[in-house]
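Note that subunit A is present in both complexes that follow, paired respectively with subunit B and with subunit C.
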Partner chain A sequence: MSRGAALAAVLAGVVLLGGMMNTKPDYNSTFQPFVTNTNPGEEGMGRLFTARITEAHIASQIEFDHWGEQLRRDSAGVFLIVRLSASGTARSTRLTAIWLGASGRQYSVSSRVELPSSGIEYKWFQPGLFQRAVAVFELPEDEIKGGRLALMAAGDARLDSAVQIPLQTLGPKQDVTRIGP
Partner chain B sequence: MSETVPPSLTRRIWMRIFAATGVIAAVVASYWIKVDNARQPEEPPATAFGQPVDTGRALLTPRALFVLSADPGDPGVEPGTKLLALTARIENITSQTQSVIFASPPMAATGDLELAEPEVILDRDGEVLQQLQPRLPEDVTILWTLPGTWEAQQVEITFFAQIFKLRDNLYGQSNWLGTYPAGSLLATPEISS
Partner chain C sequence: MTRLAWIAITLLLLLATVGLDSHLDIREVMRDREWFLTRTGPEGAELQGVRGEVKAITAIIAQDAPDRALVHVRLGLAGPKEAREAWVDCRVSLRDGQNRVWLPLHANAADKMIEMLAPDGVNNRLCGPGLEVAQADRTIVSDQLFLVPVAVTEELTVHVSGFGTRPEALAMKVAPSIRMLP
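== the complex of A and B ==
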């Protein structure tokens, strides 16, 4: 092989390797959960759970019982209260809920509203038994329309399933919402 | 089989000159880096009230510094305990809820004394700040417990920023890594009655 041909082969290899390095999917894309998009009002099914939104509304303030003490929380934005019904499928499971806002930002369930008896992050969902749960998010109001609820099994979500459910209807805005046990 | 021809004397001299030049360059460069580091110690930039400090996950704007008496009704509080309080506004500048507000909390030093790790209180609730939501700035109070012998004097508060790497060196995943001093606030606290 002549020197020119050898140099061309090396250059072509460098270009190909550079192209591969710059176009290969990154870690986050490679290991992200497999998303199932569900139509509004329908039941979404993940690998370990199935869930449906039953009601959603927004409130300026939230009132709830915290170990016998009645607490009221306000917010710089609003509270989005999503009630849902869910069950495990293959085994007992816990769920993590995230609100994917209209801007693409991700809002976790608010830790300022602790609901040990009804909060989604506290509940175990048994196979075949539908249970009601509530997820409370704190966010700017303009993140709600066009956003959707993402549900996944608690813990490591890499290469697991995630269900995304848009809201079918949003109830009227309330000044204060009381969330009971 | 072909016979191996030893390189000529000129070629061998040139090869050794190149190798020696590389070694000398590496020694000089590492020596100069050490000299430069010693000449310019890493001092965090000075900041002031009303000036935002980028801590990586959030923008923190200090507002006022004062000393107040701890609530004697709080559990574990000894009578006469004084607290150093820094009021600030903090805004999550990432695209997701943050539970780790400070990877390294602000550090307060007064004289030769470094104060213990502070508590960050959400003014809205009067409780410890647990999360910051994107696009929802919050007012907070950062509280350090002062020793009983403390006398009014200048305080230096150092804020730390955390480094975000879109692709880390291990897996190529996005990650929050180490911290570095991002701002230093020098102020004398007001004594609140």
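== the complex of A and C ==
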């Protein structure tokens, strides 16, 4: 091989390597959950669970029982209350819910509204049994239209499944919503 | 020929690296999975020095929720201290014919329900860590409550294993007695 050809091979290698390094997927892209997009109103199925939104509405204030004490929370934004029905498929499973806002921001379930008997973060979903749960998000109102609910098995979601479900309908805005047990 | 030898050595070293690198991950998976089952009836069997048995199992069905059953499982474990220490902890689950897994309920309400449903009204708490601290001369009794579809109550198997026994586990086929609540 001539000296010129060898130099060309080395340069080509450097270019290829540089290209690979610059287009390498980042950590989040590599390990993010496998997303299943579900049509509004339909049931979404993940690896360990299946779920469907049954109702959603927004409220300025929320009332709920907290170990026998009546609490009321208000917000600089609004509360989005999403009721859903879910079941485990292969094993008893807990779920994590995230609201993917219209702007791309992600909202976790509000920790200001503790619902031990109905909150999605407290529930175990058993195989073969549908159970109702509620997810309450606190967010700016303009994040709701065009957003969607993301559900995944609680814990390590890397390379697991996630289900994304847009809202089919949004109920009328309420001043105060009471969430029972 | 020399070139082939170098390729072979490279491949061997690559395999060795992958093997060493994945060794811990494989061990971690094995400690979580129940692959090798000792299948028995409710009378149970010995697993790595500890004898496990299902002392009682009852399925409770309420009339206003006829599709689901609360299953109360009373489990007994007995064995020398060294064997119990080697188990490390205890994991109990129910499985059906499709190998679906139900885990015990952890809510406070489950503790109260066990007290209501247990034949002697006593809740011995979940089987878990602490096997080694029990006295050597007695069976360690635990109570678990599961929520399952009524349709699977006739095909249930109680699985019991410890961190130290997995991937080995006990699989005890059971036939719960049915209790209807008004």
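Here, the second predicted complex is superposed on the first by the 181 of 181 C-alpha atoms of A that agree within 3 Å, B and C clash if a C-alpha of one lies under 4 Å from a C-alpha of the other, contacts with A are read in each partner's own complex, and residues count from 1 in each chain.
Going forward, contacts are C-beta pairs under 8 Å (C-beta built on N, C-alpha and C of every residue); 3 or more make two chains touch, one makes a residue touch a chain.
Quantities reported herein were computed from a predicted structural model and do not represent experimental measurements.
Asks: Clash or fit: subunit B against subunit C, after overlaying the two structures on subunit A?
Replies: Fit: subunit B and subunit C sit side by side once superposed on subunit A.
Asks: Is A:S110 touching anything from subunit B or subunit C once the two structures are fitted on A? First, second, both or neither.
Replies: It touches subunit B, and subunit C stays clear.
Asks: What is the contact status of A:H57 with respect to subunit B (first) and subunit C (second): first, second, both, or neither?
Replies: neither
Asks: Of the partners subunit B and subunit C, which touch A:W124 in the superposed model: first, second, both, neither?
Replies: Once the two structures are laid over each other on A, A:W124 reaches subunit C alone.
Asks: Thinking of the overlay built on chain A, is A:A76 touched by subunit B (first), by subunit C (second), by both, or by neither?
Replies: Once the two structures are laid over each other on A, A:A76 reaches subunit B alone.
Asks: With the two structures laid over each other on chain A, which partner does A:P140 touch: subunit B (first), subunit C (second), both, or neither?
Replies: first
Asks: Quick one: the Cα-centre angle at subunit A between subunit B and subunit C, nearest 10 degrees, please.
Replies: It is 100 degrees after superposition, to the nearest 10.
Asks: Who wins on subunit A residues touched, subunit B or subunit C?
Replies: B
Asks: Touching A:R47, do we find subunit B (first), subunit C (second), both, or neither?
Replies: neither
Asks: Which partner does A:R91 contact after superposing on A: first (subunit B), second (subunit C), both, neither?
Replies: Second partner only, subunit C.
Asks: To be precise, I mean the smallest distance between any C-alpha of subunit B and any C-alpha of subunit C in the superposed model; what is it in Å?
Replies: 15
Asks: In their complex, what parts of subunit C are in touch with subunit A?
Replies: 67-68, 99-103, 105-106, 147-149, 151-152
Asks: Could you list, by residue number, the parts of subunit B that touch subunit A in their complex?
Replies: Of all residues in subunit B, those touching subunit A are 95-97, 99, 122, 124-125, 127, 130-131, 133-138, 166-167, 171-174.
Asks: In their shared complex, at which residues does subunit A touch subunit B?
Replies: 26-28, 31, 73-77, 101, 103-108, 110-112, 138-140, 143
Asks: Using the touch rule from the top, collect the residues of subunit A that touch subunit C in their complex.
Replies: Touch list, subunit A to subunit C: 88-92, 124, 126-129.
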